[in-house]
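Dropping a structure here in structure tokens format, bear with me for questions.
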Amino acid sequence: MTDSEHANSEETSTSSRRGFMFKIGAGLVGIGGLLIAAPVLGYIFAPAFTNWEKRRAWIDLGEIKQFPVGETVLAVYKNPIFGPTVGEANEIPCWVRRTSDSTFQIFYINCAHLGCPVHWFAESKLFMCPCHGGVYYEDGSRASGPPPRGLYEYDWQVVRSKLYVYGGEIPNLQIPGKTPKDDITPLTVDGVGYLDGKAVKST
Amino acid sequence: MTLYSLGFRLLGGTLLALAMVGCDWHLPGKPIKPVEPKIGSRAHFERVYFVHCLGCHGPEGRNGPARPLSDPMYLASIPNATFEKVVEEGHGVLMPGFKKTPFSGLTPEEISAFTTSIKTYWGDPKKAGSDLPPYAQPAGSGNVKTGKSTFATYCGACHGDDGAGKEGGAGSVVNNFYLELVSDQALRSTVIFGRTDLGCPTYRGPYPGMPEGKGLSPSDIDDVTAWLVSNRVSISEEAKQ
Amino acid sequence: MMSSLKTAWAWIDDRTGVMAMLGPPMKHHVPRNAKWWYVFGSCTLLFFTIQIVTGICLALVYAPSGDSAYNSLLYLDYVVPGGWMLRAIHAWSSNAMVFMMLVHMTQVFLHGAFKFPREMTWIFGVALMLTTLALAFTGQVMRWDSDAYWGVGIGASMMGRIPYIGGWLTHLILGGPIIGGDTLSRFFTLHVFVLPGAMIGLIGGHLMLVLRHGISEEPKKGGPGEFVDKETYRPAYKERMKKHGVPFFPDAAQRDMVFCGIMLIVLVVVAAWYGPIGPSPRPDPANILVNPRPDFPFLWIFAILALLTPTIEDYLIIVAAPVVLMVLFLVPFLAGTGSRLASSRPIASLSVILLITGLLVLSWLGVTSPWSPHMQAWTSDAVPPVFVKGRTPIELQGAIVLQHSQCRNCHSLDGLGGKRGPELGDVATRLSRDQIIRQVQQGDGNMPAFGKNLSSAETDALAAFLHSCHPVGVRPADRPGARLKQLKQLDKARSAN
């Protein structure tokens, strides 16, 4: 074996060792990367996958006698889902329309077009939107302008002459306000669950 | 000018500008903290009027479709409590109330400040004169029959003797739709205070075709008002006929 | 003294190699005719630098938290010395950056500078444009005022129109099911960390590509580089630069410096004169007496969304927007070679003219927003006295009905009032009394029906008033089609002559 051959064989053995090391290294970095990526991505995308439905809640809007029959008034409630820095942004307004002694319509403040706050005019019995000019009739149906549908409505119930609204979400065409009845958590008053104003067995 | 001296001048200018910014000189763009007008101040009164009243009662309180408010006689006559109640709860068919709601309207303090300041700024006891007839119709007063003839004498020149209007005149005041939209008090107020901004005289005259100084007496006012009101046919009565 | 400074610099340069690194890019040859048309890119970069500097300064005081962001803005405006000026520079420089970027893009497009071999430079440029717009939008949210609150709501509603993943996307963007403190934190992170980082990386790439392919010549009829041919362009360009090129520094850079200097002075003057933008009312959703408006770069979108019919709106948001973006990215592959002269590229020139006209018109409409009802017009816009004088009692009541039923929120009298519906000062010349009543009762097109909400008396009074609204000396329309008949007779008489 000459000097040069000796050097060559040594080079091959290091390079094959290097190839092995490289694979191990790439594998370790890959596994480590995945281990880091999982919590980071999970953290970023968590709001999209959280079941917010579970954290929505029935909110007390007060005695029903403060809502005169046939009138539409603004009520403000504190949104049940909020972080520590929410400030004034969880003061959520909604339009409460009492249609009879025992029936209500509660409208989201958000225009069905792009979510701007609609404004009720008792004189002309119309909701008007200040952004793109959507207009709705008193029952929330679309009157004119760009909205593709009527106003979004809340689920509500009356329990012991108090009005409760199912709040906690900003509506849009994919999240149209009302929740399928099976997904609603009953309201608990004095240990009794209520849905649609009737006592139900808590599951 | 050498390049150097130009450079120094530019440098000086820049430093001056920086100093102006640094010392917060009153450059035009500096935001000024908005001051809420104090309740009872002229600015507050004007803001309330401009936002809530101007649409119907007219710019400067006259020449609007609804009753002029910069009318010293009217302001001297209307009782404070009535005025506040009208602003708060509205009146008749077409005057909306401006009670405080969560997002708009006026608080009771604002309303009472408004009714006080409107009298300060637009009222004038001298112009209003004394011996004003009572603002509200005394209960049970007014003779419809005499009212009809008094109306023909004083108001007939413009509104027609029967009140149904006149060619080239001022239009009907017995139109049932008109009477349905205005309240009894609004009719009485028009008889007393007229619409001086639109050419309709106050109860003191001068009435067209009548001598100067000839006006309506308090009982004349009650009579004419009663007659005007008697022309109103309510919808239920109409249906019966 | 001078000589010892020189020795010191020579030592530093020797040990760091700074001149060896910066020298070639500074001295690289650029075309002799690359003159004033070529200053806009540098100026955009300048405005970005200003954004970084002023942004860091603002972050000294600004609190990125839902409960105190608005107050920290007021603190900046009224208490912190020079705080308002920094806010003003940051806001106006943002507008200027968007504007300068669009000018730069237009110049590159019209001069065909995106063609072979500079395709990637263009693609980086489009990515920079998107990042800039994203920075502008997230920047508006930083104000955390009512415009920001409802602006985010509008963004979320647009996302909510996407089928299947709409709800998911909304929650991702808002950081929850509803706008709250977490929403602001998300936008803050984007505005201050993610987007500027992306921006710096993209600018680095953009500049490296500019150095790699050189600056293109201004295309002239029969001049060098008028036609781009993949075979010959590169060696010919290299040859021309070697022979006729001038070093970037100082030959080209001096123009950049003059233009940037002027723009800087203009920026400071505008900021000092017009002051900071916003904040609008507090971000309290319960205060619904607001008038949400986007910042300047997005007014045209605001206009489009108001003017589209509901039937095609979804397609525009979901389909058209991505397609337009794709086309922008693909521009260099759709027209990668051939003439670079704007005058020989009619489609390119026409699309620029159309786009600019469209953007200007839509932005102007966005400023005036004639489609928005004026929420307080019914109590605060007077019935002009000319419509009151000489009216009968029932007509005066009709004028009050007009105010009381909020008609003025959408309709104007003598130009005063909402602009959504037609002017009513001359409505009697267009509609007969019966037509007026029908329109009020049943509504039509974009007008709600008032039939249920107005009594007979109100309707009659309103019709009486509106029927009195005609210019002096013009007869009101008395029956449908009456005037049309007259016009037809006139036409006949004319054609007979």
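Chains here go by letter, A, B and C, matching the order in which they are written, and residues are numbered from 1 within each.
Following the convention adopted for this analysis, a contact is a pair of C-beta atoms (placed from the backbone, for glycine too) under 8 Å apart; a residue touches a chain by one contact, two chains touch by 3 or more.
Keep in mind that what you see is a predicted model, and the values were worked out from it rather than measured.
Visitor: Edges wherever two chains touch, nodes for the chains themselves; is that graph a line, a ring, a star, complete, or other here?
Guide: Shape = complete; every chain linked to every other.
Visitor: What chain is the most remote from chain A, judged by the mean position of CA atoms in each chain?
Guide: B
Visitor: Among all chains, which one's averaged Cα position is nearest the averaged Cα position of every protein chain shown?
Guide: C
Visitor: How big is the gap, in whole Å, between where the Cα atoms of chain A centre and where those of chain B centre?
Guide: Here the centre of chain B sits 48 Å away from the centre of chain A.
Visitor: How many Å are there between the centre of chain B and the centre of chain C, using C-alpha atoms for each centre?
Guide: It comes to 43 Å between the two C-alpha centres.
Visitor: Counting in whole Å, what is the centre-to-centre distance of chain A and chain C, each centre being its mean C-alpha position?
Guide: Between these chains, centre-to-centre, one finds 29 Å.
Visitor: If I count partner chains per residue in chain B, which residues reach a count of at least 2?
Guide: Where chain B meets two or more other chains at a single residue, that happens at 96, 102-103.
Visitor: What positions in chain A touch 2 or more of the other chains?
Guide: In chain A, residues 74, 76, 93, 123 touch at least two other chains, as defined above.
Visitor: Do you know which chain C residues sit against two or more other chains?
Guide: Each of 286, 288-289, 378, 404 in chain C touches at least two other chains.
Visitor: Which positions of chain C touch chain B when the two form their complex?
Guide: Counting only chain C, the residues touching chain B are 77-78, 81-82, 84-85, 88, 268, 271-276, 286-289, 376-383, 385, 388-397, 399-401, 403-404, 408, 455-458, 460-461.
Visitor: Using the touch definition from the top, list the residues of chain C that touch chain A in their complex.
Guide: Result: residues 65-70, 149-150, 153-154, 156-164, 166-172, 174-185, 282-286, 288-292, 302, 305-306, 308-310, 313-314, 371-373, 375, 378, 404-407, 409-410, 420, 443, 445-450, 452-453 of chain C touch chain A.
Visitor: Please output the residues of chain A touching chain C within their complex, sorted ascending.
Guide: 45, 47-50, 52, 56, 74, 76, 79, 81-93, 109-110, 113-119, 121, 123-126, 128-133, 135, 137, 143-148, 168-170, 172-175
Visitor: List the residues on chain B that touch chain A in their complex, please.
Guide: 96, 101-103
Visitor: Mind pulling up the chain B residues that touch chain C in the complex?
Guide: Where chain B meets chain C, its residues are 17, 21-24, 27-31, 33, 50-56, 58-59, 63-66, 93-94, 96, 102-104, 165, 170-173, 175-178, 180-182, 198.
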